[in-house]
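Chain lettering (A, B and C) follows the sequence in which the chains are written, and residue indices restart at 1 in each chain.
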Amino acid sequence: MLPKLPRETLLDLCRRMFVIRHFEESLVPLHDKGVFGGHYHLYIGQEATGVPALSCLGGDDYLFTTHRNHGHLLARGADPKKLCAEILGRVDGYNKGKGGSFHTVVPSLGFLHTSAVVAGIIPLATGTAYAAKALKNGRITVCLFGDGALEEGAAPEALNLASLWKLPVLFLCENNGKYGAGRATSAAQSSTMAAFPLTDLPKAYKVPAQQIDGLDSGTVHATISQAVEKIRRGEGPQFVEAQTVRWPGSETNWPSVAQRTDSSLAWDVSGVPEKVREWYRSCDPLLIFIRELVDAKQATKEEIADIERKVKAEIADAVEFAVASPYPKPEEAAKEYFA
Amino acid sequence: MVTKRENPTELVPLLRTMWLIRAFEEKVSALYAMREIRGLLHLGIGQEAVAVGTCSLLRTDDYVFGGHRSHGHAIAKGADINRLMAEIAGRATGYCAGKGGSMHIVALDAGFVTATGVVGGTIPLALGAAFAAKEKSKGQVAVVFFGDGAGQAGAFHESLNIASLWRLPVIFVCENNGYAEFTPLSSHTLIERLARHAQTYKIPSNTVDGNDLLEVREAMTKAVQHARTGKGPAFVECLTHRLRGHYEGDPAKYRELSELAEWKEKDPIARFTRELKHRKVVADKDIAAIESEARKLTEQAAQFALASPWPAPGEVASQVTA
Amino acid sequence: MREIAYYEAKFEALNEIMAADPTVHLINGTFLSLSPHRHVYQELANKYRDRVMSPPISELGFCGLATGAAMAGLRPIVDISTGSFIFEGWPQVANEAANAFSMSGGQTRVPVVFHLFHGLRGGGAAQHSASPQAMLWNNPGLEIVLPSSPRDVKGLLKTAVASDNPTIFVDHVQLLDVKGDVPENDSPIPFGLAHVKRKGSDVTVIATSYMVQRCLQVAERLASERISAEVVDPRTLVPFDMATLMTSVEKTGRVVIVDETHQSCGVAAEIAARIVESGFDKLKAPLRRVSTLDVPVSYSPPLEDYIGPREDRIIEAIRAVLR
């Protein structure tokens, strides 16, 4: 189901989803060729959660994200050039190469700090919410994390604080494994999380919580806009678990692209390698969104292909810019660690 | 209430142990006031039914873990009160040779593994003992005592999750005395019953009147049985009250006097005594004898402790690593 | 000059800070540990109900909350209280707050203060007696402050709150009743400015926190034996004032460093290394450290008394460097 939004807005959401997809697919060969090192995590497969969800926020709201942050930054309008340069550790990156894929921050977009510790940001998000409440500036905080983060003690501590002090914060848990980070076993839904459903955790703290289909952009948009409204009304924290299906390229230790995305796949996956074909046929949120746009006559296939073409060119430019950007001077490492 | 399952003659020793804990802690308090004992001291006067109700169902080879308020748990598990008193007094004859003190009791001979000065600090440790017990397959269980304040600590949640996932034979005993350090539980969390968290992690739980020894025993019997027979962890929340401040010297101005008076009414020893008298298991003279015996034993423990030598200063460098 | 107690100076500072800056919030604790003076905190709590918060026992949660609030325009002061409890909130202090500014390429400022009481307190045993400042000094991105007098606690606390960096404010319960001169309307004390607490010519005694008070007493005693000890207090470890220290070292050529962290990789070890690196040739005798022994803190009074930088150990060290 498409979000109930004007056509122009829907096409903008479509464009942002393409930006995330093509940006991240372009990173993989760069890493494979050694253009950048280090571990990195991709957002592919979760575009229908992040893009509509973040479109519900105001310009000066706060966001916290984790090691899987590229999608959130791009959904919020980050410049692919500066993001790519940061991931490549270049001086033109958002953090001058000091943060990298794990830690890109863009304060002008509300991202103040990005932590690579799975639950690291959850207490921090209660902090910006606490500050906004104290300063009465009307800002809310969105805390974006994966299902694994709930296994760390920081999560329940922060949920309790948010509930106790009625903080204006939205906890958006993107569950890309459906049953927690662990394997399903005969005894439990997950080998790493006993709580099931995950929404039981926030509910114990009297934080209203719901579970939604994170592949369905319309549900995401409707749920998040309602939750945001409640938070703005002063009702305290809200929790949403959006379930997605893990992109096959993220199942391996290092991301791999078995199939470059093209909008034509929305209608024909026969050319997709068989081992990943099912995902592209039924679980790819971007392709689902495109089909819905066309089925609802909000866009023609040609219009979509045109959007995609422009995005691909933009991403190619971004990669070129980042690769050409110099590394920071080594001695910069010893500078600017105090304000 | 005395349930049919309870054999009356088995109940008298429980009263004895409760009195022993009470007399012991009152003696500790007196020694502290006389400055014979220094340091941070947390007493559990008024919470004896939880310690006794739980430990009376355990085997010596079951593992018990305490917190900062654990003199009673150690005594109930069978720790020697002379060595316990000596430890609290910081003497060489103490359980930890004076190195641990009130918050860090270890009485391995009685299966009291360790206590902690960190709220909730032993909860993950109890998982470990349960994990080991499971490996050894001798039907041992681990029991960890903690207060309601620990419920807001992340380690508590991580432990419930792992215990549930791995079906560890551990019994979580939450002594919900309504105050986390100096503030009422309501200023720490919107959750009134900590057993709610056990539900989240699919652990069977029960909330009982922690000042009713027999109610504690009944819930604990089921919990211990559950853990011992390999069915995994159990959680028992005991609603109780400490009759002293958070630590000795705490004026506890945050509590209403009427609240304290109400809880004194519910004193677990007085209640259990009334019950035993009602059942004609004991007479007044027996009760007086039990109390005076407890006082005599703790007096002897105090004498033993205070007559014991201080540890030699050079001992600090010993036993740093095994 | 006006003489007041350390705890009074500390509360004067907190009061003035709270009155001057509505973005300062106090989170957790009483800033006085279990001292009998706790009631003065209550006055503050009553006066600023919305800005004095009593959180659950969730150090991870509230250390992170304060850090996040600092990112978003507040200047929170967190009371970790017993220094050992910082280990419960360590991930947020050491891995989030300390790294945020650098990781963001200098964009995100974290003006948070983590206040704690370190050291031997009398019966704290191994889990209530930590001095975590040496570990924290090994974790770049944190400013570290250790006041030793009423005037310093007031002036340094103001600077800590004004700083745009995460700051560890290391206090000591044994200082709370120390009396000293604190002028009315005193200025904040800048970080990175060591202070010569007592002038002397024979030996430089570098001391931190409560050890400054102990060393001043020792210096007084030794004066009767015509040993002139200069007592220098770095006051902040990060930033660190090497110049003032070296001026004294060049004058006396003899150095004893007295500090309550454990000896190995401790505060005294780092200061010793810096002195040797920049002025080995100025030393007339090998320098000496007096630190807490490398053992967990024992409970029993004679054991606890034995392991710290005792007066007799300090005197012995001074005599040794004068030999």
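Rule of thumb we're sticking to: a contact is a pair of C-beta atoms (placed from the backbone, for glycine too) under 8 Å apart; a residue touches a chain by one contact, two chains touch by 3 or more.
Bear in mind that the values here come from a model prediction, so they are computed numbers and not experimental data.
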Shortest contact path, subunit A to subunit B, counted in steps: 1
Between B-C and A-C, the pair joined by more C-beta contacts: A-C
Far-end chain from subunit C, centres as C-alpha averages: A
Gap in Å, rounded to a whole number, between the CA centres of subunit B and subunit A: 47
Cα-centroid distance, subunit A relative to subunit C, in whole angstrom: 42
Chain centre separation in whole Å, for subunit C relative to subunit B (CA means): 37
Subunit A residues counted as touching two or more neighbouring chains: 153-154, 157, 160, 164
Interface hub residues of subunit C, defined as touching at least two other chains: 55-56, 58, 60-61
Where subunit B touches two or more other chains, by residue: 152-154, 187-189
In the complex with subunit A, residue positions of subunit C that touch it: 23, 25, 50-51, 53, 55-56, 58, 60-74, 76, 91-92, 95-96, 99-111, 140-141, 143, 163-165
Of all residues in subunit B, those that touch subunit C in their complex: 38-40, 90-92, 94, 96-104, 116-121, 149-150, 152-154, 180-181, 183, 187-189, 247, 249-250, 310-317, 320
List of subunit A residues in touch with subunit C within their complex: 62, 64, 93-99, 103, 105, 107, 112-113, 115, 117, 120, 122-132, 134-135, 137, 139, 141, 153-154, 157-158, 160-161, 164-165, 336-339
Sites on subunit C touched by subunit B in the complex: 34, 54-61, 84-85, 88, 122-128, 293-296, 298-303, 305-307
Touching residues on subunit B, where the partner in the complex is subunit A: 152-158, 160-161, 164-165, 167, 187-191, 196-197, 199-203
